[in-house]
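The two complexes that follow have chain A in common; it is paired with chain B in the first and with chain C in the second.
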Partner chain A sequence: MSDPKPNELIEKIDYIPPQKGWMDVPVNIRKGMYCYASNPKSVEYVHLPNARAWNPIEEDWKLPDNWKEIVHTAFRDRLDRFRSFKVFMDICVRCGACADKCHFFIGTGDPKNMPVLRAELLRSVYRNDFTAAGKILGKIAGARELTLDVLKEWWYYFFQCTECRRCSVFCPYGIDTAEITIMAREIFNLLGLNIDWIATPVANCYRTGNHLGIQPHAFKEMIEFFVDDIEEKTGVKVDPSFNKKGADILFVTPSGDVFADPGTYTAMGYLMLFHYLKEQGLNVTWSTYASEGGNFGFFTSHEMMKRLNSKMYAEAKRLGVKWILGGECGHMWRVINQYMDTMNGPADFLEEPVSPITGTKFTNARSTKMVHISEFTADLLYHNKLKLDKSRNDNLIVTYHDSCNPARGMGLFDEPRYVINSVCNHFHDMPRNTIREQTFCCGSGSGLNAGEDMELRLCGGLPRANAVKHVHDKFGVNMLATICAIDRAVLPPLMDYWVPGVGVTGLTEMVANALLMPGEAERTTNLRGEPLSGMEE
Partner chain B sequence: MRLEELLAQKKTAVIDKWFDVVAETYPADTARFIKRQKDPFANPVGGTTHKSLTVIMDELLGEMNRDKIYSFLDPIIRIRAVQDFTPSSATSFVFSLKKIVRNQLNKSDINDLRILAELSEFDLKIDSLGLIAFDIYMKCREKIYQIKANEEKSRFFCAFERAGLIKELPDSGSELA
Partner chain C sequence: MNVKYMFSLVAVILLFLLAYIGVEAAGLQVLFGIVIPYAAIIIFIIGVVNRVIGWARSPVPFRIPSTCGQQRSLPWIKSSELDNPFTTPGVVARMFLEVLFFRSLFRNTKTTIAEGPKIYFSIEMWLWLAALAFHWSFLTVIVRHLRLFTEPVPFWIALLEKADGFFQVGVPGIFLSGLVLLAAVFYLFLRRVIIPQVNYVSLSQDFFPLFLIFGIAFTGILMRHFAKIDVTGAKQLAMGLVTFHPTIPQGIGGIFYVHVFFVSVLLAYFPFSKLMHMGGIFMSPTRNLTCNTRAVRHINPWNYPVETHTYDEYEEEFREKMIEAGLPVEKE
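The block that comes next holds the complex of A and B.
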């Protein structure tokens, strides 16, 4: 055989991917795009089945012998129990309205991340196993048999969905793809196929009360550390109460606010706001037991979500409070607004929330008895109950990221913007098709905020970062405000990669920086220890 | 420079073809979306790519300002460095320009020795663009690993620090006699 000619070699180099139907493209589990498998100890602790060590990139996933039967039974059970799931399996007409709305599709360019196709991964097996047309016509009817490769494909792509529900905003039938992902993940859990970034926080939360497994005394110590820090920065000694029986309000926030920067500055903000309002009649307590607002059970199963959510209400009952105030968290609010009432409610032992400062009745929370801190603060500002020096935030040019769950899950659009505009002089919204109900996900929600899947997170966060870059270039935006603890943890690396020079903050941190605390010393720095506007040397 | 004049006349066609080449490195359904959706916020890959290629083409036909080329090539490569591309497929589109340019020329142009000489020079510009692309690709990959490392480091350091397991050095001097 003669040596190949240079042009023959060059012709073999082709960067155009092969044209194949999606069922014929095998799954390729790529490093950087998936999270590590669950720690068997964590799976066992919450009594989920098939706990074992396994590795997604190894051929053998050590599945139980009857795994197909488990999937089939679980699938049928869920079709019977959840009418919405059954409807979502049947009614999609593949119009394509959702196809290009997913941040993971836009960012990865992988067609299997089109919401319609991601759902089709499950629907194809549904047709094969549960519909007459699929059983008779097979592939012609879009049906396919469940094989190990199909299961691996499910696993890979249902952990590339953050359950953000942007696609469902555009679906003419209102198909909620997040619920399809939820069902797929429930099935994975029956096979011991959770990811560790969800499984271990769930076990920790179930045992100790928060994702990190921080015990009550350490939780208290951390907040006391904030108290010292606040005194150093402001000259005011705040005096929070813990597990106080007979308090009017229980405050619950994600543990990320207590243990992860820059959320910690938001936690200091809560402490300062509560201290400021004490004189005006606010009687609020923190709990070292209900020390987690987040609920990774939501990403595991309905039952696990219910289990973890129940502690908040149990603690409210134990302490005898009137209602619950919730911190800046994302998915906590979807759990509260969409599920809590029928899951652990009705919370008849609590009262309809009323602001002790303004007398405002939060009728929207009549049923859940839980008020978002942004609603609470916006109401205070509206009634001029906070004395502020807005100019302290003058070195911030702010934009706002609508976190998916408070935005799409509870319609919280205007209150956060009202708060920002009340405490900052420079605010610029991102383009209309990237905010409010059309907001782009941070790319790391629903338990995907691990470190090992950084490429996935950076891809998923591209549409959000792209819109931030626009306001950064156009208006000089240097601060991205948000009301979700996962956002506060994951947006800094996202900005570092895509839009260097943009920081990340919670709303209450900015409120606290502008707040004129009675008895305060001259404030020269913000809570981060950086010089305030006009105080630079 | 006759070649550059010819290309300047056909600039829009060259950029559109070049853009199509980048789009077609994605699976067919994705390529269709990247080409069709014109809103840069709904389609950041397409929007960024088209904007950058336009500026880069201007530079290839003009000043060849390295900083400008770098800053406009960066956003395209930055995207491709996190996506499912090998290093060569992430940067290959740069070299595709050679073929696109040749396809834009008539047979008589190609046979013109003067244009042929200018074409070799233009190829060298594309080669240097390729080298810049490779630098950016490596910088992006290093950044990703740096971010991963920082995440791990801060996670453990903060945990130890908050558990009171870390004792900072005293402000001055040693405590040991």
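The block that comes next holds the complex of A and C.
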């Protein structure tokens, strides 16, 4: 089955909801809009319950007999453990401010993709099971009983939310649908209802240290392949270290960048940057055990997030490093910024991060002891520690996509822009309503970057792509920069579909292209092997 | 005909008839003027306290504010202490603007999609304006009513009343707050009916308080300007309630009791409804926490140890391959 054409997708979008009330419209699990069910082997590997083969489009989901009881107990438990969940269940006034803020609603027009209604799917059952008004007045109070169809509706729509938190910016009470989606997915996991695009990376990460299941020797080989590639393009042989005890800094980045283009060029960028700084005293090591920055456990449950995240501190402790440097990744940074220290800290065996090159103390990371590569690089650039030839990036007209998690779960806005402006001459931001805290999701976050849900991804990515198209048409933008590995994997097909002619890059790739490496040969191509500006035949 | 709002409208009309007939025909002044108001106040206080305690009992395991501005990181990058507050004063300022001026709602936009496709985001201020008008005028009306519950009337209440009646139209003068309240409630009702998405997500319980508050404002204006009830009598009853010496003065009429009954119903309904957003806004973890999680460790009271895959287990499985690839190992 081929994907629908852009105009076919657009024609389907209708923001006017149907006549029939939403409780009376049954869920229709449609091909192209959902991800395949979890592989039971992956579920079993991490000891999660109710592992079995099942299929979302079949009538029988092979649920455990007491599934309703499981849901009810789990619901209650989460109300008691998370104030966010309890308050968000109670205080929504359905003002509708969030309705047209969700990229999935904008791109599909499906009313159940309005954040308010997505939450109401759960809230209606909450009213029925846990509130006096709902118990007495029933449907009049907006309550409904949990049935198999309701569960299926939950599953379909809570796997059509990327936990991007854009709605929470506009909500007058800060109700965060991501929080509600997280709870719903925790409940699904108790019933063995995960999607495989999350469950298998989780099992891989648990076993091999990274989502892709790359074993230690292979991880090293892949990096060494980059080393050869860098030598070929720059004439400089970089020399990374692995699992090295006594290094000062542990570097952790998403494994996606070791695996697939264009993330690989960003990975090469890291290698070149670290090599460049080695002379000046940077002593950094990669780990094969903590070889994943991302955390698909975050899309499974709080507990699974903690289990996978624990490797970062454990490895930092084992290797005896001083602090941790984190690469370009989206949800990885929400986890590090808002969860890691709480879950797996205190990291009292590490030191407050200090840049060995500039002496800058990263006091904002003094407890978690983990610094973002954009903070690190921006500091280097500010102190003129990198010799650059910006004009090498002159063939790029760049715009920047704020990834949801570093945007709304951290506030990392100006560091990456400073880096971009330092290494390239042509930068244009997208319109105000589509960047910074109002940035639009790529449409594939929170584990929805599978192949089988391509239509969903293209719909959800429409608002992002449309803003890129705006600067593409206006300024001739031909490169979309981003600091997220999922973005680097999913934005290229999104661009090809909606805005052909725009490539995708990581920040550090651009840094490395502009970087004047000591002892380098004449650079005629960038890391992708494309001719540099002025070097075209 | 929309079932969702008809149900609420009928409910409010029935409540009106119940109080009016109860007083005018059955002479139940004591019930509607004393018993029900006291009961409503008790339900309101206990209900709200219960609800807030219920929320407070659930801990905040993780610090999850929505960061809506630049973080504090490097000293030469200007951070947004309002939208990404690193310190408590910043949080207080953020909450102040949120609670009093609905700052998040101020960001509201309207999304439209045109040929091309081209997605447009236009400014959409009406909801924010109506919400401000509604809440502030309602507050003014409530504060103004304190003159009925105090003797002597504090100067600031008299002052507010004077400001509210600034236009000096008619005798007795029209209060701006009453009209604004009525208009704002009407707008909030209209948008629930007219805007298709908002209509689609609306429940009966979204219309009920609107009709009820409309009824309260309407009966209030009716009494002041048309039915012209005996204000001294109303004050006597109100003072009786607050001094715990309740009395039923003669001749204040059925409309007054309807007004009091509507207010009582609103109070009693409050703790069981979405109106609790008034308390909830203070408790929202995406707004009321500092964004300094990497600098100051947040404690999760129920943090528990979890099963992990340790390095030793990892090396155990891959040791030979690691040695072969030249990777350092703990045990040769």
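Definition applied: the second predicted complex is superposed on the first by the 519 of 537 C-alpha atoms of A that agree within 3 Å, B and C clash if a C-alpha of one lies under 4 Å from a C-alpha of the other, contacts with A are read in each partner's own complex, and residues count from 1 in each chain.
Here, contacts are C-beta pairs under 8 Å (C-beta built on N, C-alpha and C of every residue); 3 or more make two chains touch, one makes a residue touch a chain.
Nothing here was measured: the structure is a model prediction, and the numbers come from that model.
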item	value
Superposition on chain A - do chain B and chain C clash or fit	clash
First, second, both or neither for A:496, with chain B first and chain C second	first
Which superposed partner A:433 touches (first chain B, second chain C, both, neither)	both
Contacts of A:100 with chain B and chain C, given as first, second, both or neither	both
Chain B versus chain C as contact partner of A:79, first or second or both or neither	second
Contacts of A:462 with chain B and chain C, given as first, second, both or neither	both
Which of chain B and chain C A:108 touches, first, second, both or neither	first
Which of chain B and chain C A:142 touches, first, second, both or neither	second
Touched partner set for A:57, first chain B, second chain C, both or neither	neither
First, second, both or neither for A:310, with chain B first and chain C second	second
Part of chain C, among the options 39-47, 111-119, 129-137 or 165-173, whose backbone runs into chain B after overlay	111-119
Chain C-contacting residues of chain A that also contact chain B	13, 15-17, 99-100, 106, 111, 114, 431, 433-434, 462-463, 466-467, 470
Residues on chain A engaged by chain B in the complex (per definition of touch)	13, 15-17, 19, 25, 28, 30, 32-33, 99-100, 105-111, 114, 218, 222, 225, 259-261, 431, 433-434, 451-452, 454-455, 458-459, 462-463, 466-467, 470, 493, 496-498
Contacting residues of chain A [partner chain C, same complex]	10, 13, 15-17, 21-22, 47, 79-88, 90-97, 99-101, 106, 111, 114, 116-117, 120, 131-133, 140-142, 165, 168-176, 179, 206-209, 215-217, 220-221, 242-245, 288-289, 302-303, 306-307, 310-311, 314-315, 318, 336-339, 341-343, 345-346, 360, 362-368, 370, 375, 378-379, 382, 407-415, 418, 431, 433-434, 437-438, 462-463, 466-467, 470
Touch list for chain B against partner chain A, complex	24-30, 33-34, 37, 39-45, 47-48, 78-79, 82-84, 89, 92-93, 140, 143-144, 147-148, 150-152, 154-155, 158, 162-163
Complex contact set, residues of chain C against chain A	7, 51, 54-64, 66-74, 76-80, 83-84, 86, 98, 102, 104-105, 107-111, 113, 117-119, 121, 127, 131, 195-206, 272-274, 276-277, 280-281, 283-287, 291-300, 302-303, 306-311, 314-315, 317-318, 321-322, 324-328
